[in-house]
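I have a structure I would like to understand better, so I am pasting it below and will then ask my questions one at a time.
Just so it is clear, A, B, C and D label the chains in written order, and each chain counts residues from 1 on its own.
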Amino acid sequence: MNSSDLSVVICGEAGQGIQTVEHFLTRVLKHAGYNVFATKEYMSRIRGGSNSTEIRISSRRVYAFLDRIDIFIPLDKDAVSHLRHRLSSETLILMDAEKIGTQVDVEGYRVVNVPFSRLAAEAGGPIYANTVAVGVLAGMLGIEAGIPEWYIKDRFSSKGEDVVGKNMQALGKGMETGSGLAASSGLNLDITKDSQISDEIILAGIEAVSMGALAGGCDFIASYPMSPSTGVLTFLAEHAADFGVVVEQAEDEISAVNMALGAWYAGARAMVTTAGGGFALMEEGVSLAGMIESPLVIHLGQRPGPATGLPTRSEQGDLELALYSGHGEFPRIILAPGTIEDAFYLTRRAFYLADKHQVPVFIMTDQSLADAFYNMAPFDLSGFEVERHIVETDKDYRRYVITPDGLSPRGIPGYGDGLVVLDSDEHDEEGHITEDLDLRTRMVDKRLAGMKGIEAEIIPPELIGPAGYSNLIVCWGSTINAVREAMERMGRDDLAALYFKQVHPLHQDTAGYLAKAGKIINIESNATAQFARLLKIHTGLDIEDKILKYNGLPFSVEEIEEKLSGILSM
Amino acid sequence: MNSSDLSVVICGEAGQGIQTVEHFLTRVLKHAGYNVFATKEYMSRIRGGSNSTEIRISSRRVYAFLDRIDIFIPLDKDAVSHLRHRLSSETLILMDAEKIGTQVDVEGYRVVNVPFSRLAAEAGGPIYANTVAVGVLAGMLGIEAGIPEWYIKDRFSSKGEDVVGKNMQALGKGMETGSGLAASSGLNLDITKDSQISDEIILAGIEAVSMGALAGGCDFIASYPMSPSTGVLTFLAEHAADFGVVVEQAEDEISAVNMALGAWYAGARAMVTTAGGGFALMEEGVSLAGMIESPLVIHLGQRPGPATGLPTRSEQGDLELALYSGHGEFPRIILAPGTIEDAFYLTRRAFYLADKHQVPVFIMTDQSLADAFYNMAPFDLSGFEVERHIVETDKDYRRYVITPDGLSPRGIPGYGDGLVVLDSDEHDEEGHITEDLDLRTRMVDKRLAGMKGIEAEIIPPELIGPAGYSNLIVCWGSTINAVREAMERMGRDDLAALYFKQVHPLHQDTAGYLAKAGKIINIESNATAQFARLLKIHTGLDIEDKILKYNGLPFSVEEIEEKLSGILSM
Amino acid sequence: MDARLYDMGNIDIAWCPGCGNFSILTILKDALAELEIDPHDLVIVSGIGQAAKTPHYLKCNLFNGLHGRALPPATAVKAANPRLTVIAEGGDGDMYAEGGNHFIHAIRRNPDITNVVHNNMVYGLTKGQASPTSQKGFVTPVQITGVYVEPFNPLAVAIALDASFVARAFAGDQEQTREILKQAVRHKGYALVDIFQPCVTFNKINTYKWFKEHTYYLDETHDPRDRVAAFARATESERLPLGVFYISPDRAVFEDNLLAYRDNKEPLYLRSTDRQEKLSNLLNSSK
Amino acid sequence: MDARLYDMGNIDIAWCPGCGNFSILTILKDALAELEIDPHDLVIVSGIGQAAKTPHYLKCNLFNGLHGRALPPATAVKAANPRLTVIAEGGDGDMYAEGGNHFIHAIRRNPDITNVVHNNMVYGLTKGQASPTSQKGFVTPVQITGVYVEPFNPLAVAIALDASFVARAFAGDQEQTREILKQAVRHKGYALVDIFQPCVTFNKINTYKWFKEHTYYLDETHDPRDRVAAFARATESERLPLGVFYISPDRAVFEDNLLAYRDNKEPLYLRSTDRQEKLSNLLNSSK
């Protein structure tokens, strides 16, 4: 067992409260000064099945999925078979022998009986089992009791003294058992605490997108629920009154995107949040945005396709879908935050870019990023106020006046002396429908000219690792997390990674970075290497070495390390 | 005036009957043994505006739009200004001076007064003006009267003797005027007739697609009207009883594509016909086809976008839309007939390919191909019977049994002892929803493996021109027509064209063809050179010389010639 | 207000001579002028079709969006800036076929907008296919032996959805249609005005004369607050009633109930965009 | 027929213990068995959601398509092979929100299919947002202060569209629901059966108890051929009637009127695919 980096996995049925443990434990650990990271995998069902969450506790910052399990807590009999391939002889299994002991085969593993159910019953009933579990782990880690006690008070006092009291009891029983275990199980942990961490924030990717939207001035969201993107809708709904956000659950995705465009037209800063299948329905709307030169922010949370696919799993399979979405030709921007911090900053930026350049801007995430969380320094909110790129119109206002940079000042109805005319048909400078075919050509040129301004502020790819690399990993979005940690483990001075957080248009430095590498390795979570194809269009280079995964789970640190080692030793 | 190749253009308001003239005249000319070609350009309105049709009459086969106008017949005052840029001092303008003479400025042009209205009035009323016009042209060309008379009887006898008689009169008056004109105007025509031509067929692109569908065994179409693709729906509707085709106008495009998939599931051979905006709404359905491994035939008639764009005009702007449509990853085939013959054969083939490989197959046309027509030899219908790739199921039938070539025998409900289970979620071999993530990987691999079989029967690009070229034009779809004729005019032995009628997947010979060229010129009707991007993905080559057009009109022979000459002289 | 304020001057109008749309355009301009609505405060959202071209022919702010998709942007415009007067306009294909789902759900939401539908019982712009309201037996190039599916009954459906205001009018009667339209625009909440509009080119059955002969006006004996009676009237098929069928007594208005307006009545674009403090608090709650 | 014929044996069912869907599954199997329908001749088309998983849990041919899109493929299956018994099944979100437009137009088309809607007044699979049928005041993570838009009334809308057969049932009453379902499947033409289905996880308001207390059965005094009366019943809101609300007297059936079946009644897949002669004739007419 790695003494400075612990991986705890809890597995059970949907509805057993794994998420409660996850929230409770990670907050407590962070308050205690530990770095934490949590990621979950779950089935598309409300009860039953097998879901699991991995919680990492570490001396260093960690932000990626690890195959290795140091401590495993199976909550039902299926949990062991569900994750058996990840258990090793090192794994410490904390199992309620009374409850599931007879039903599972744990021959050959290090199993310790922890009577979660009985302890919970003693505390007041089966629903306290989760608190017992937190207590056990807190006890094993030697956390001071005050911290989980604070959490219990903070969370449960609204539910009454009785609930608080019983949780306290459950916690106490758990911690006691845990302390005992720490000694008896030969656990030899040496995870460094850092008091600064206790003041950090913990946010999931989806919350970071939501807060980034609020920071970007989002005041309108219309969407239709769809995993893994619904969290943005619920987050903004929760804060609708406070931030003044119009939040509407549309009847379908087509309505959602058309509402968002109507909202921008009337002066709002609107977004939609969806997944691939829902986005597929929005493409005509994206094309409309292109034609009317409307800003639009689209959060596209990816999950495995085609069609309904695996609704609660992760993939990076919709890059080309977004890039080529909508009929006809018009500019767009695609951002792909890989870290939770980037999810915040880039979503904020998406609103700025959309508004300034009058184009659709995509924020592409995936389930693994949306649901993962870790501790981090609070975001920098200083010195920003949302710029609105709208103008007060004058009497002769023409929405599509042709300008050298392709951008026409954007007016909105009711603000100024002009009229604001939009048309989905080809139109003249005023916005009225036209069949003047020379003007058509000029209007296409005008719309495409907007690309110039966009190209002037592309976010460059981030080079991670030694500048003198000879082997270069290219990746985009959330894959960077496992890549980064695998690289740290490998510690090679010839290996770097180029992390793209803007995937369209690509930064001009891209070709230079690639040219410097002797070997390029493309890593992405899909089956056809979509990003590699993009790089080929941009650079002409064929990337032969690829690490692709498309079973619905994110890359683990170990598999990246293993596959990279394989490729690099060739 | 070119004596062996005449270009006649008629221009007037929507509703003035230009299409009647077009149909009448081209049939008559073909019967007389002339090669004919007609193409039209029209506004998105039912009455008014300015529409025109160009009719070419030639010693050789012609199939492309010419800028040059030899004879111009303006039917209203706006016609002259609408097409003034194409008139020259050579153009003979046949104009009704009494009707529009005072309203238009034709200073400096060769104008001959032809009193169409008066002659029509004499024959029986203003509606006979179109027949007068046909008569005038027939007279000028020295057509024997029996041919247009046959046409009148054939078309109008159902409307009664009176109508036939008046048309005959109008024709006579027109022909008389025409013959006189032939002499007085110094027309010196020398267009060769060929008696074999009279037995050829005349079909518009959209009719060829429709007949190709019938030939491919299409027995189900569900679609929503949209220019320029509606003609397939109306054509099949007309022949629904005779050919046994279920024809349904859906409430929207989403319904249409989902109906088509339901139909294939139940054993039909279904298609949809649509344009870019309608197709954008079908993308989720395309993705469903990918997931359930369903055949699907999509006729995508292109028009300028984005959004509503120019509804009645032409463009090749939806290639990437189709290629990357639908979320998730799965195989597909894209055919792009450029000629009317290919429109027939490839649409027929689309059904074969879809059924055999269980994938969506696109037939991409555009307005210019859909609406153009010319005479051609009747299609070869010999020796084909539609193969149905369905199996009778047995008790243990599993729809998605994993096979080495990725193809699972396709059963349909009610045929055999098995049950046919489809799921848009990831599924097991039976078709039932699964969350087995290893199986997921195998299923993705299985679906993508289907690409192998598809690659074994790619239609190679057609090389037109000398095999020893040093300059190579690459084009796809309808652009080939103007390119071909421009090449014939230029008569260079170093210039060839590679015409792609299958644009995805690309044939393996592609790179070889390109490698042999010193200079490659990409010609397509869009603003961003989408096909060139495809070629780059396939070959790594950057094509620098491009001729792009995106004003809604097809390329003319002259502009290709001019631009090619410019590029080749550099 | 002078209706000429809405006039575009000498523009090219893409409709056929004699089309019922001309009449609706005049009615619209007159009604808006009589209601004293400043063109700058008016937004007309439309889809695609002949009817949907209407807003191009009067002075107003306009959002001529996608086929079938007028209602979602119209709802959003009103939600983003409730001070605007919003009209969603289009044809029967636009609103009831491609846009059918939005029609249902806009009625449920009940934004304060007016939904004007030019019902010519045919697809005009795409040259004469059946629309949802095409009558049985109507022959077209697609429905070659005549329509046999049940025509869509927009009024009955709207009443079934307890729509806030439901009316039908006839383009051939400018006076009464103008009054109905004015009432609809004045009505707070979603208001449907389905207007019979002769298409002289593609619908040779449902002509001016046909509409004249097959319609009559609801009189005072009809109580528009009586939902079941309104429904019964809406299902009449011998002669089709015109007028205000139904006014729902108590529908909550969409934008009035949005949380965004709970503490602040300003249109969104007028609000401060400084959210630093609120964001800080939010971040702190994530500690 | 023995209902066990429809049994899948020991399979993993992804519903929550206590969910109303289990009851509907049993009712469905029993009804189909009693109707002597061979599973091989049965196709169930569904969308996406908890309800839409149903066909996976009984022996049948099934097309589990896209969210909201059960009705178009169901219509097409019936049109391609009228010999099959076709059921389109899904949840209230599936059929009335995402699929709302198809709901309207399927009713207009009137194919001979049965449309079973599990109406739990909530989005189950996506974890508890409001559905179109969620009642006013229903609080969810998106509708945080409670639903205030008008609930969708599927029965009233179906009756407004002159649907061929309109019924409502309650999953808690297996006997009567089975009878209603049998009647619906037997009915020639489109038949809607909206089934109240308690969602024990996300809908704590409309529980078994609530439905029990808020429903009653239509009795013989109700004439299902009386459209206006049916409408009045469908708009009742104090207590919600169950049973067969409406049967339209004379609706043309979609597939019966397709020209493809005018001269030939065979399912499409059984027809000869030799079209050479007909094509030759067609080509000749293009000379």
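In this text, a contact is a pair of C-beta atoms (placed from the backbone, for glycine too) under 8 Å apart; a residue touches a chain by one contact, two chains touch by 3 or more.
Treat the numbers as computed from the prediction; the structure is a model and nothing was measured.
Asker: Which chain's centre, taken as the mean of its Cα atoms, is farthest from the centre of chain D?
Answerer: The chain lying farthest from chain D is B.
Asker: Decide which interface, B-D or A-D, involves more C-beta pairs in contact, and give its chain pair.
Answerer: If we tally the contacting C-beta pairs, B-D comes out ahead.
Asker: Please compute the C-alpha centroid of chain A, do the same for chain D, then give the distance between them in whole Å.
Answerer: 37
Asker: What whole-Å value do you get for the distance between chain B and chain D if each is reduced to the mean of its CA atoms?
Answerer: Chain centroid spacing, chain B to chain D, equals 41 Å.
Asker: Need the CA-centroid distance for the pair chain A / chain B, whole Å please.
Answerer: Inter-chain centre distance comes to 45 Å.
Asker: Mind checking the centre-to-centre distance between chain C and chain D? Centres are C-alpha means, answer in whole Å.
Answerer: Comparing mean C-alpha positions, chain D is 30 Å from chain C.
Asker: Give me the residues of chain A that touch two or more other chains.
Answerer: Residues 43-44, 49, 240, 247, 251-252, 254, 277, 284, 288, 292, 307-308, 311, 423-425 of chain A each touch two or more of the other chains.
Asker: Multi-chain contacts in chain C: which residues touch at least two other chains?
Answerer: Each of 14, 48, 66, 97, 100-101, 104-105, 132, 144, 259 in chain C touches at least two other chains.
Asker: Okay, in this complex, where on chain C does chain B touch?
Answerer: 12, 14-17, 48, 50, 66-68, 97-98, 100, 123-127, 129-130, 132, 141-144, 201-202
Asker: Using the touch definition up top, name the residues of chain A that touch chain D in the complex.
Answerer: 15, 43-49, 224-227, 230, 233-234, 237-238, 240, 247, 249, 251-252, 277, 307-308, 311
Asker: Note which residues of chain B are touching chain D in the complex, please.
Answerer: 199-203, 207, 211, 214-215, 217, 219-220, 222, 239-248, 250-252, 254-256, 258-263, 265-270, 284-285, 288, 292, 378-379, 381-382, 384-388, 390, 412-415, 417-425, 431-433
Asker: Mind pulling up the chain A residues that touch chain B in the complex?
Answerer: Those residues of chain A that touch chain B are 43-44, 49, 254, 275-277, 279-281, 283-284, 287-288, 290-292, 304-311, 313, 315, 317-318, 320-321, 323-330, 423-426, 435, 437-438, 440-441, 444-445, 448, 526-528, 530, 533, 536-537, 540-542, 550-553.
Asker: Per the contact definition, I'd like the list of chain C residues that touch chain A in the complex.
Answerer: Interface residues on chain C, with respect to chain A: 14, 39-41, 43, 45, 48, 53, 56, 59-66, 69, 71-77, 79-81, 83-84, 101-102, 104-105, 258-260, 262-264, 267-269, 271, 273-276, 278-280, 282-284, 286-287.
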